[in-house]
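Look for subunit A in each of the two complexes below; its partner is subunit B in the first and subunit C in the second.
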Partner chain A sequence: MTAADALYVYGVVPGDTTPDLFAGVDGMADGPVRLVGADGVAAIASSVPLTEFDTDALEQNLKDGEWLEQKVRAHNRVLAAAVGKATVLPLRFGAIYTGEDHVRTMLGERSELEQQLARLEGLLEFGVKAVLDPGVLRARLAESRGGAADEGSGRAYMLRKQLERELDREVRSFAARCAEASHECLSAAAVEARANPAQAPEVAGGEMVLNGAYLVGSGRQAGLRRAVDELKARYGEDGVTYELTGPWPPYNFADEEPAA
Partner chain B sequence: MSSPSPALQQEVTLVELVDRVLNKGVALTGDITLSVAGVDLVYVGLRVLLASVSTLEQLDAE
Partner chain C sequence: MSTPANSRSRELMRSSGGGGAQLADVLERVLDKGIVIAGDIQVNLLDIELLTIRLRLLVASADKAREMGIDWWEGDPFLGRGQKHGEVEDRLKRLERAAGIDGDSGSDDRG
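The block that comes next holds the complex of A and B.
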């Protein structure tokens, strides 16, 4: 590290974690990922050039989608190297320090980091997204109502409009029921659970009814998988697809205070 | 429902990553801090990168 460098901190691990976990893992920039320890905890860190990471450079770089994608992937890649091998407390993007002594001071001042690590010990985060294809559900609902009215007549037009409105309502009510039941079923297989805001349809590829994160004991993933399979069996024919991702570093459960 | 193309799949994964890395995790104030303008710029970059309305909405709510 030179005067032209700063230290980027990815996350925090217990002080007895072996740095070997990060050997050969590519960080934000050239140079190894290492541990900077103090008081029973250690920061996962690597040197980054100030030409890229000081305040002015950051402001410019953050506008660059490609740069941001690279750095977001690097942030996750480093933390992911320790998932399942050590307890990892992820930091939010952008914790940058001018020297190791500053990192140690921060670790010493933040006793809650150690408490957070203790809370997350032996636990893994998984994500489950449920996306509804409204077309499939509408077709199914319409079919269960029987045949359509005769085409052409004014009355048929009115009936069709009315049917459309009723179907809209039923789809909305189904989505709400499905979201609640899915989150409940998955939460029952988890130690802690969070339901995040749905992603936009352009991104989700349909109407996202659930964007959940689940904290599960390592070795207990089978229970969550079973819950996902159960939901697929229950709602699959209605046009709902489920996607399970993980294990992730526990980003969603690294709040400074437990969510209400 | 047809399965998403590999390119789309990758994009969805990126959305998940971005949601987690930029919005979650313990927020510490380091020596080099992003100004409020800087945080906004993250979302300018993101807007270029993906059309994640939920992420933008989260920013608006903060």
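The block that comes next holds the complex of A and C.
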């Protein structure tokens, strides 16, 4: 075999996008990140060695956490280089072609790519995660109920148990209310919104009540920031912290069917 | 290099969407979101599905959130209505068996 390389495709941009956006950006492998264009759209691509990316090698490499982290970060890094400068339509990890001709054929067969790009024009994705420290909330709830029962007696023990159960219930109901209200408040500042599954406590550093993604006009970021500040003011004392991330390539909004 | 005009967005990306982003945030986006287009060289779809499920087990604490009254992912193919953590793990095991990668051993024994 002479072809030792394949082309990894990160995403799609409008055909008139300058390849300069990706100059100096490190991709999946050593080669430069370039644009492969056809009919008004262009694929963001770079060469990858078949020794790492042919079907058998991939199958092995996907099981290697370190390899995967490196490649997934590279995928994001390349797309992030265009965010705010060109409309980017992110592809999911793993679109690999044998050559430019095949990439052009794929682009030519998919007229919806251009529609999706038009739909996402001028819009940016932001993430907002809300994490609850249940200890803070419990202390606050317990305090608002007045002093603790007398220590020692059996009756006091029963009362304490009952209080614990009630606090559990109140924490759950607060988390649900807070999640819903937060998503609603943030969605009002966005064109589109998604609520994704919560991340595990080990990852989140607490109970994640909201893992949201928000699509916002590039001139309207201040509105989303204000919404986050408003929520911090509303729920901060209850032990909820908010983290705003982005702008991201619009991963969460790439797959939407265009309006009929 | 960076002109004053775009230094602000660079600043934002450094703090989040760029290199400093948390791995869980990047993984859930790059592996689980974005348009799916099949290439010439087939990434083993079963592998990606397994990865995605493992990833969800890692990043999604379904039972915890349900306990807390949050059940947004009813439309989700894996963590759908009524599915519990254990059921996702069962599905993972079934897929692993189908893929011939029983557990973590590389044995060909398919029992």
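Methods note: the second predicted complex is superposed on the first by the 254 of 260 C-alpha atoms of A that agree within 3 Å, B and C clash if a C-alpha of one lies under 4 Å from a C-alpha of the other, contacts with A are read in each partner's own complex, and residues count from 1 in each chain.
By definition in this document, contacts are C-beta pairs under 8 Å (C-beta built on N, C-alpha and C of every residue); 3 or more make two chains touch, one makes a residue touch a chain.
Keep in mind it's a predicted model, so treat the numbers as computed, not measured.
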{"item": "Fit-or-clash call for subunit B and subunit C when the two complexes are aligned on subunit A", "value": "clash"}
{"item": "Partner chain(s) touched by A:G127 [first = subunit B, second = subunit C, both, neither]", "value": "both"}
{"item": "First, second, both or neither for A:G94, with subunit B first and subunit C second", "value": "both"}
{"item": "Which of subunit B and subunit C A:W67 touches, first, second, both or neither", "value": "first"}
{"item": "Subunit B versus subunit C as contact partner of A:V83, first or second or both or neither", "value": "second"}
{"item": "Subunit B versus subunit C as contact partner of A:P247, first or second or both or neither", "value": "second"}
{"item": "Partner chain in contact with A:V209 - subunit B first, subunit C second, else both or neither", "value": "second"}
{"item": "Subunit B versus subunit C as contact partner of A:A175, first or second or both or neither", "value": "second"}
{"item": "First (subunit B), second (subunit C), both or neither touched by A:A195", "value": "second"}
{"item": "Doubly contacted residues of subunit A, that is, touched by subunit B and again by subunit C", "value": "6, 9, 11-12, 53-55, 58-59, 62-63, 68-69, 72-73, 75-76, 89-98, 102, 106, 110, 113, 116, 127, 196-200, 203, 245, 248-249, 251-252, 254-255"}
{"item": "Residues on subunit A engaged by subunit C in the complex (per definition of touch)", "value": "6, 9, 11-12, 50, 53-55, 58-59, 62-63, 68-69, 72-73, 75-77, 80, 83-85, 89-98, 102, 106, 110, 113, 116, 127, 171-173, 175-176, 179, 195-201, 203, 207-209, 244-249, 251-252, 254-255"}
{"item": "For the subunit A and subunit B complex, residues of the former touching the latter", "value": "6, 9, 11-12, 53-55, 58-59, 62-65, 67-69, 72-73, 75-76, 89-98, 102, 106, 110, 113, 116, 127, 133, 136, 196-200, 202-206, 211, 239, 241, 245, 248-249, 251-252, 254-256"}
{"item": "Of subunit C, residues touching subunit A in the complex", "value": "6, 9, 12-13, 15-19, 21-44, 47-48, 51, 56, 58-62, 64-65, 67-70, 72-73, 76, 79"}
{"item": "For the subunit B and subunit A complex, residues of the former touching the latter", "value": "1, 4, 8, 11-35, 37-38, 41-42, 44-46, 48-54, 57-58"}
